[in-house]
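Given below, in the form of structure tokens, are the structures.
Same chain, two partners: subunit A is paired with subunit B first, then with subunit C.
Let's look at the complex of A and B:
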């Protein structure tokens, strides 16, 4: 089963790689965007789908990664490796601090606390003008020369998303990943078996934050512009919807969800400004007709 | 003389004005099979939760294998060799039978933090999990999702999870709860066949099973120990007969 899914996933990656030169410019940027956002959605799913922790502040770690790149690359001329390293580390460090506060809570309270912590980062991005340039954001983030044109960057994003998919796939299939699913199913049983549940959740939180940061790093290069919008609540909600829509507890799900949301968002906004209204309707539809998400529903049907 | 496996001194748990467990002292010796009986609301499950660490005590001390564990969280007590089952089945319902058992097998090994190899890459743990499942009579359902098992099979899995960590003290909270008479007999056989080195403290409503498996019986009533003795002593204790056996 797992082998078949891995083959299917690799097939999709290969297809996307082959299709690269065939895309016209606008679809190419959209697919690239979907791949970058998919990293955020996959990282969130480690918490939401596998550990059962609904984080509503994931834009915070994504934003820390993105701002790190934007500030280092524009003001200090730091290269890709340096920016990526610092971005991921800072995102992980932020998650390590926030996790100390958030992991004490469960369920809706966890949701509220992660939301509040996300707002703290948004507040800093918005108000700490001397560092973040406030509402104006940081523009003109330079891409490395090799990735300057859209097609190479597309391949870079594809490789990054595939790498995250493989790494997180290994993580969730590992004994540690099994402990996360155990926590999702029954914390009290995990405790009585001898697991320090807090520690496992905390580790998952930090790992998830680090990967969200990696997505943010890519986002800064993709967009060339980082502003408080990237850190705001709507970004966290969209990530949560991608996971819910695609199928929590699967890694393919968030990728599918990211694709659907990115395309819907760009397509719908051609016709109306009421994008969030459409998003809400889509979400209600999924909850009613495929509560386990698109991928979850497909797998359930395949099993029957 | 060997050290007591479990020693409670004046253990109490009050919920507001309600004294659910009210100064219980008892000792359980190595290898003993002890039944804990008492009418509904006597405080049996609360006492289990205090011993396992699920609930903090409001008074008294708990010693496990000579260590004062009164302030220990549940996982540290488990690490000392304590395992328990739950009265209301508490399993990982969305996972497979094998995954449930693997979680129990890896719980006290460093493998639980391993992230780089899939679960299948640890053949020793897999073999142990399968052996435990076979020992409780759950074979051929490794890949089944636990939510789809029958109640009887879920009770067997409860025991498997508790045994997987090779515990020295096993707390069984009504292992036959909700089982048919035939399933109860199977469960009783399974429990009778447990390694004699494992000390067992068991809550059981079915008096036949409790008295068949246990050599000593402790009777709890309104949060207090009212009798403690051999099977026959308990059977003939007039106070016990009055409040518990309803004679």
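Let's look at the complex of A and C:
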């Protein structure tokens, strides 16, 4: 079963790689954007789907990664490797500090604390004007020369998303990942079996933050512009929606969800100014009609 | 301004902002206490209250009517949301979050459609626009009004929850919804009432805030984090917690902005994290 899914995933990656030159410019940037955002959604699913921790502040780590790149690349001329390294490390460090506070709480409290911690990062991005340029954001983030045009960047994003998918796939299938699922199902049972529940949750939190930071690094290069909108609450919730829409507890789900939301946002906003109204309706519709997500529903049907 | 004056004025400003936060957050806390719903549309109630209040104030030229109209209209919206949508999602935290965000986005867009993108200020009676001087320090009477309004609401809520039959039902539902249902309390009806009350309080805050901060797009997600910090610090579902949390957050925010403008949100959220590290359920929360 897992092997078949892995083959299917690799097939999709190969197909996307072959299709690259066939896309016209606009769809190409959309698929690139979906791939970048999919990294954020997959990282969140490690917490939400596999560990059962609904983080409502995941844009914070994504934003830390993005801001690290934006500031280092524009003001200090740091290259891709340096930016990516610092971005991911800073995101992981932020998650390591926030995790100390958040992991103590469970359920709704976890949700609200991650929300408030996410707001800390947003507040700094918004108000610490001398560092972050505040509401104006940091613009003109230069891409490395090799990745300057859209097609090479598309392949770069595809490779990164595939790498994250494989790494997280191995992680969730490992004994560590199985322990996380055990914690999701019954924390007290895992504790009485002798597992260090706190440590597993904490590590999942930090790993998830680091991968979200990697997504943010890519986002800064993709968008060329980083602003407080990238770290705001709505961005965190959108990531949750992608996971919920696609199917929590699967890695394909968040990717599908990211694709659907990115395309929907861009297409709907082409035709109407009222796209927030439609996006809001999508949120409500997903909860009412597809509570297990698209991929979850498909797998459920396949099993029957 | 001399130093002691600075501290007195800033404390007064912080208290009055805390009063506004109490109106906003007490409803969120109540709703959570009874229904365990994390309502991300709560900031929208504040914003919609402000807009409805604006329209009523412009039509009727009465600030009292604006307060009442805003609260009533939003109470109806809240009841509709609870009865038709949220009731189905009992115990599904993620579902509640996504659904209430969906409503928040819809409300945001509808408000933009109806009232446009320009900022407005709700006209208030002349008596409230004056300021007065005490030993050389200037105080605004509107801020005094805010503190008074919050105090009246706080006492009213305490009386309702602590001294009436309805309040006893609600407290029973907070403690143990299943048991309360078992002894014959109509928990769904109590939930509906609490939801309406919570939404109305937020809207009241929105109208009162509209005469002071203005009404503009984006207020919904601007005030939402404040409401959350208040209930996290004070403890979910606790009235004393909401009072202490509001005052604390009002003061922290005000002094943070005055003393460290660049770190002002940090000075608000970091102490919250510290409190949580010591008491994960907030100052007055039950475990």
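Criterion: the second predicted complex is superposed on the first by the 302 of 304 C-alpha atoms of A that agree within 3 Å, B and C clash if a C-alpha of one lies under 4 Å from a C-alpha of the other, contacts with A are read in each partner's own complex, and residues count from 1 in each chain.
The working rule: a contact is a pair of C-beta atoms (placed from the backbone, for glycine too) under 8 Å apart; a residue touches a chain by one contact, two chains touch by 3 or more.
If you're wondering where the values come from, they're calculated on a predicted model, not measured in any experiment.
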Simultaneous placement of subunit C and subunit B on subunit A, clash or fit: fit
Vertex subunit A, arms to subunit B and subunit C (CA centres, degrees, nearest 10): 80
Which superposed partner A:181 touches (first subunit B, second subunit C, both, neither): first
Partner chain in contact with A:157 - subunit B first, subunit C second, else both or neither: neither
Contacts of A:130 with subunit B and subunit C, given as first, second, both or neither: second
Partner chain(s) touched by A:191 [first = subunit B, second = subunit C, both, neither]: first
Superposition-derived comparison: subunit B or subunit C, residues of subunit A touched: C
Contacts of A:171 with subunit B and subunit C, given as first, second, both or neither: first
Contacts of A:279 with subunit B and subunit C, given as first, second, both or neither: second
Minimum C-alpha separation between subunit B and subunit C after superposing on chain A, in Å: 13
Subunit A - residues contacting subunit B, complex: 2, 170-171, 173-179, 181-182, 184-186, 188-197, 200, 203
Subunit A partner contacts - residues on subunit B that touch it in the complex: 52-54, 73-75, 78-79, 83-84, 86, 90-95, 99, 102-104, 106-108, 111-119, 122, 125, 161, 164-165
Subunit C - residues contacting subunit A, complex: 32, 36, 38, 40, 85, 88-89, 92-95, 97-99, 101-106, 108-110, 112-113, 221, 224-225, 228-229, 231-232, 236, 261-266, 268-270, 272-273, 276-277, 280-281
Contacting residues of subunit A [partner subunit C, same complex]: 48, 54, 56, 100-101, 104-105, 107-109, 111-113, 115-117, 119-120, 122-124, 126-130, 232-234, 237, 240-241, 244, 248, 274, 276-277, 279-284, 286-288, 291
